[in-house]
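What follows is a pair of complexes built around subunit A, which joins subunit B in one and subunit C in the other.
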Partner chain A sequence: MDAVPQIVLNIVIAGGIYSLAALGFNVLYSTTRFFDLGYGAYALVGGYAVLCLYKWVGINLELSLLLGVLIAGLTGFLTEKIVYRALRARRASNTVLLIASLGVFTLGQAALAIFFSSQFQSLSRDIASQRLFSIESGVITATQLLILTAAFAVMGILVVVWRYTKFGRAVRAIADDEEVAQTVGIDSERVIGAVYFIGAAVGGIAGIAVGFDMGLQPLGMTILLEAVIAAVVGGIGNMYGSVLGGFLLALVENIGAWQFGGEWKFAFAFAVLILFLLYRPQGILPK
Partner chain B sequence: MNKWIWALIVIIIVGLGWWAIGFSGNSAQSGTGPIKIGSVLPLTGDAASIGTIDRAAVEIAVAEINAAGGVNGRQLEMIYEDGQCASTAASNAANKLMNADNVIAIIGGLCSTETATFAPAAMQKKVVVISPASSAPNLSQTGKYFFRDYPSDAFQGKFAAEYAYNTLGARKVAVIYHISDWGTGIKNVFETRFKELGGEIVSESGEPQTATDYRTDLTKAKAANPDYIYTPMYPQGDTALMKQASELGIKAKILGADGWDDPQLAKDAKNLGLDILYTTGKTGTTDAFKQKLQQKTKSPDVPVGAPQAYDAVYILANAMKSAGTDPDKLADTIRATKYDGVSGHIEFDQNGDLTVADYVVKRMANGTATVVQ
Partner chain C sequence: MDYAVHILTMIAITGIAAVSLNLLIGETGLVSVAQAAFAGIGAYGMTLLMLHAGIPFLAAALFSALIAGAIALIIGAIFLSLREVYYVFGTVGLNMIVWAILLNWDSLTRGPLGIPGITRPEVLGISFADNTAFLILCAVVLLAVFAAHYAIMKSNFGRVLHAVREDEEAIAVLGYKTEVYKIVIFVISAALVAFSGSLYATYLSYINPSAFTVNDSIFILAIVILGGLGSAYGAIVGTCMLVGAFEALRFIGFPASIAGDMRQVFYGLILILFMLYLPRGLFGKFRI
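On to the complex of A and B.
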């Protein structure tokens, strides 16, 4: 039996999720210029919110998804307002913000573990009744196709908003230089708040995708690292880059797992990150 | 100047404290005081639900022994430390027990990782270690003072290989395993034995315990066209693997290890259309012990290691009755033990492993797992 079509599909499936994760991280990092580890927690919050609403409360799927994304966005928004803004007001350095975000990440993970236990839980209600699509000798599920569509849709929306709206121009101005942006009349606090909401919401979509496709555990490090690698490799500040980075990461990981065994997956992923940091730190597609 | 005086005072206090601890520790092991024994079990963290019940089993045994007059008139004093199913925590816990409390023996750890980190130090300090649940094969060579009344996975891997080859008629097997003391250990034993029998390992893939994407591992296994996929993995990985195998239309059957012995998995497997078998220890315990434990914990669970932890305390206490607290005599006496406990018949070999281990094969069907005859 030929494994190649399925391997290609595996890459595409993983690439979709990594792209989503990278897009959200890119939105946050390219604007605020600090490395928010809390992103791993916002993504998990999205997944667990849907778990709670859809599987426990029994709300219908569409509404659960919408609320899940909003709750994730709100978590990011509030974290920024309560923690990061207070620190930035005191002129805290990026190192201090980084350490604070490690606190946010750990706190978020621990709180989720307390409320939802460390048990591995799947979001889909009946994992057996999935619609399957065959391509050559490979298989892809309806959920996975939906995730892939979502990744490209989110990318498209972000590109349009960032490039063609007043809000997008304000965000780019802040990303270039916050103080100059303020002097020309941009309310940077409000814009950063909105950016945080959007970034965390996109992270929430990634968390929900992971929950449906694989399953949830209160461990956000994996999704955080995948987001970071894909965003850095693709190019910070470039939305197309994040998607490209996501698929490249999936390609390297799955070829590694296929040719050498699953134990090599992360080693290959990080090797790619280091190579890029050394030889092309601006990423494949610079800003 | 002030700073220096403060530093000096702190050093003196710490030094005095150290001396006092050492002093009280020594006196505890002399003639008539209580005999101090340590326990390293996961009381928080991933395996806490198991560890806290195993601790209750130890408490029951200690209370019974003390109520019956202790060991040669001396009471047992248990000191419980938290190993968290993690290497650093277990190492700190055991160091505290050995250096500050001067325990003569440690019951634990539960997870193989815990035991593997602190047992070598215990061997150097001549502290007897009896683990009620650590099953990693590489623990067998730990040393003279190490015992476990739970079977080594060397037995389970071998049993699974023989069952796959002889009973299931498998000739080609693909392996997907979790990289850990337990997963890697059991996988190695399985592969060696399966090849000895004449079988072929057609593909092999390891994943970290936290992995949730097994698609490429499964695709690789599927392409090699095996009769069975052997999967010594932990439950959270099993859940993801089952679902993805079903999506990928894998027709090969799955043979798991005791990491699959989780009631939730059997429920999840219900409609997946997979044939899942797994090996697990023949766990029998007496109704009397079950009742005692349930009375104490107010929970119906008798998890892995609980009967073994109870037996471990008795084995240690019985040995001390004739050997005293001298570590060499104690180890020799424990090695010669023939004991019928609540976990079954216990005899140790040269490595401190059980001489016999019984396994059963279970099949998941209709939401439950039943023993295959």
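On to the complex of A and C.
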């Protein structure tokens, strides 16, 4: 049973990444009530922006990370402004929005593949020099600890902003009923724009985390699915739920992969999603 | 000339897939991103039956279409209670799982190596080894599928499908079991696209999992969106345009490494621009 401590650590690390991915998706979906598949592309943009700045241009790490997150946020913000806002103004159905977002996803992913190639690329400059911490027979790197910290920090910040600030109240008002929010004087377009920036930026953090932990590939579907599954399992509209869902998803995936092989990881994750949608669509922690 | 025959054959095979998807998204309002998965089930099912069990093409293709239909029956029943967005998402996941199975079930599918040596069919004693003869076979199947589409939509069954698309609750109030209708059309669509998968396998004489990914389903979706929802005719025009564009992109001379991604950029743009400016599509009768 020597493998157990490492598996536990793997679950914790994956859980941190999935939590980040789910938090960003949750922010977008709970506010706009529109299922944006493009989120998978925004997350990738964050990772690839850091790849470009940090490894190619050679900017220092902290600035690269900051810019990467901002660029991801900006991508989401602009997509909303150019594509989704026009559709919402026309009262397009959810299906239309969904198909358009599938287009955004396909376009974004393929454009990244063209610029950065389909090769697997790691964000770490020197993997061997990383500090390692051993727990029992398992190992966790300093980067992974940082990712984990980031997940809880982002959750904390979102909870505080959503609950205690004027902006957060406006977001919640829009989530409840956009028209009512407008009649009480909330500029819903501006708030939704800001929400899009925040959600996509958090997605970008998740993409960057993936890039440091496992490496980047222009395949946004994986991170998109993990975000959606964790957010739905935890409960849309609940920040704690996204983190809980993230860790639960990591648990199921890793135990499944341990028992049956890594190639079936996704099938387990998907089975969890379907079970939840059928028997508890509101998630573990409803809003 | 050979090249024209090749393009027309690809149009006929892809057209079957597009018409089958139009039955779902265009006529019933069910957005599915899993057509490539069912095409894969059809292609692998037919290939394995033909190569390992020695069953002739037509019987093998029909039998594997039945298998695809049976799988669609189970999946359709499970997905029924998923609301619109989650239904779409469910089909994406389904496609990824089917792809993972094709890729990883080595002992059956040979994984990423694929299965070579699939022979051209012989139907009722006529050999279709020749490319032109095979094109005629594909065209006949496409015509049959087109006619089936027409017959379905002219029947009472088709009228209920339209009603489901327009207002499912209203038709349910009248006592129609809309669930049954939605499952049945899902099964029919899966069986049709599975048959096109069989044609594809025997045409290229080689299959591997990379032909049946989510991206391929998005390709078929882009065709139907372009052609217009609710129009089998539009689905075929859309197929001609996108398969044609697919071939034209080859001549522009992008390096092979990015040609596939350029196509994806193109399909993504189609989905976005049509939703923004022409959600009805070119020949669509129905606005989603």
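Heads up, the rule we're going with is that the second predicted complex is superposed on the first by the 286 of 287 C-alpha atoms of A that agree within 3 Å, B and C clash if a C-alpha of one lies under 4 Å from a C-alpha of the other, contacts with A are read in each partner's own complex, and residues count from 1 in each chain.
The criterion applied here is as follows: a residue touches a chain if its C-beta (ideal position, glycine included) is under 8 Å from a C-beta of that chain, and two chains touch if they have at least 3 such contacts.
Since we're looking at a predicted model, the values are computed, not measured.
Participant: Record, for the superposition on subunit A, whether partners subunit B and subunit C clash or fit.
Facilitator: Because the two structures are overlaid on the shared chain, the partners are seen to clash.
Participant: Looking at the overlay, what does A:E62 touch: subunit B (first), subunit C (second), both, or neither?
Facilitator: Neither partner.
Participant: For A:V83 in the superposed arrangement: first (subunit B), second (subunit C), both or neither?
Facilitator: In the superposition, A:V83 contacts subunit C only.
Participant: Once the shared chain is lined up, is A:E179 touching subunit B (first), subunit C (second), both, or neither of them?
Facilitator: neither
Participant: On the A-aligned overlay, A:V210 touches which partner chain: subunit B = first, subunit C = second, or both, or neither?
Facilitator: Touch status of A:V210: first partner only.
Participant: Taking the superposition on A as described, I'd like to know which of subunit B and subunit C A:T106 touches: first, second, both or neither.
Facilitator: In the superposed model, A:T106 contacts subunit C only, not subunit B.
Participant: Taking the superposition on A as described, I'd like to know which of subunit B and subunit C A:I13 touches: first, second, both or neither.
Facilitator: The first partner, subunit B, only.
Participant: Should A:Q130 be classified as contacting the first partner (subunit B), the second (subunit C), both, or neither?
Facilitator: After superposition on chain A, A:Q130 lies in contact with subunit B alone.
Participant: Scan A:A3 for contacts with subunit B and subunit C and give back first, second, both or neither.
Facilitator: In the superposed model, A:A3 contacts subunit B only, not subunit C.
Participant: Considering only the touch criterion stated at the top, classify A:E263 as touching first (subunit B), second (subunit C), both, or neither.
Facilitator: So A:E263 meets both subunit B and subunit C here.
Participant: Could you tell me which stretches of subunit A are touched by subunit B in one complex and by subunit C in the other?
Facilitator: On subunit A, the residues that contact subunit B in one structure and subunit C in the other are 118, 261, 263, 266.
Participant: Show me the residue ranges of subunit C that touch subunit A in the complex, using the header's touch definition.
Facilitator: Residue list for subunit C touching subunit A: 29, 31, 33, 78, 81-86, 88-90, 92-93, 96-97, 100, 103-104, 214-215, 218, 221, 225, 257-258, 261-265, 267-273, 275-276, 279, 288.
Participant: Going by the contact rule set out above, which residues of subunit B touch subunit A in the complex?
Facilitator: 46, 176, 179, 204-208, 210-217, 219-220, 222-223, 225, 235-236, 239-240, 243-244, 246-249, 264, 268, 270-273
Participant: Using the touch definition up top, name the residues of subunit A that touch subunit B in the complex.
Facilitator: Counting only subunit A, the residues touching subunit B are 1-3, 6-7, 10, 13-14, 118-120, 122, 126-130, 132, 139, 141, 210, 214-215, 217, 219, 222, 253-254, 257-258, 261-263, 265-266.
Participant: What residues of subunit A sit close enough to touch subunit C in their complex?
Facilitator: 35, 83, 86-87, 92-100, 102-111, 113-114, 117-118, 221, 225, 228, 261, 263-264, 266-267, 270, 273-274, 277-278, 281
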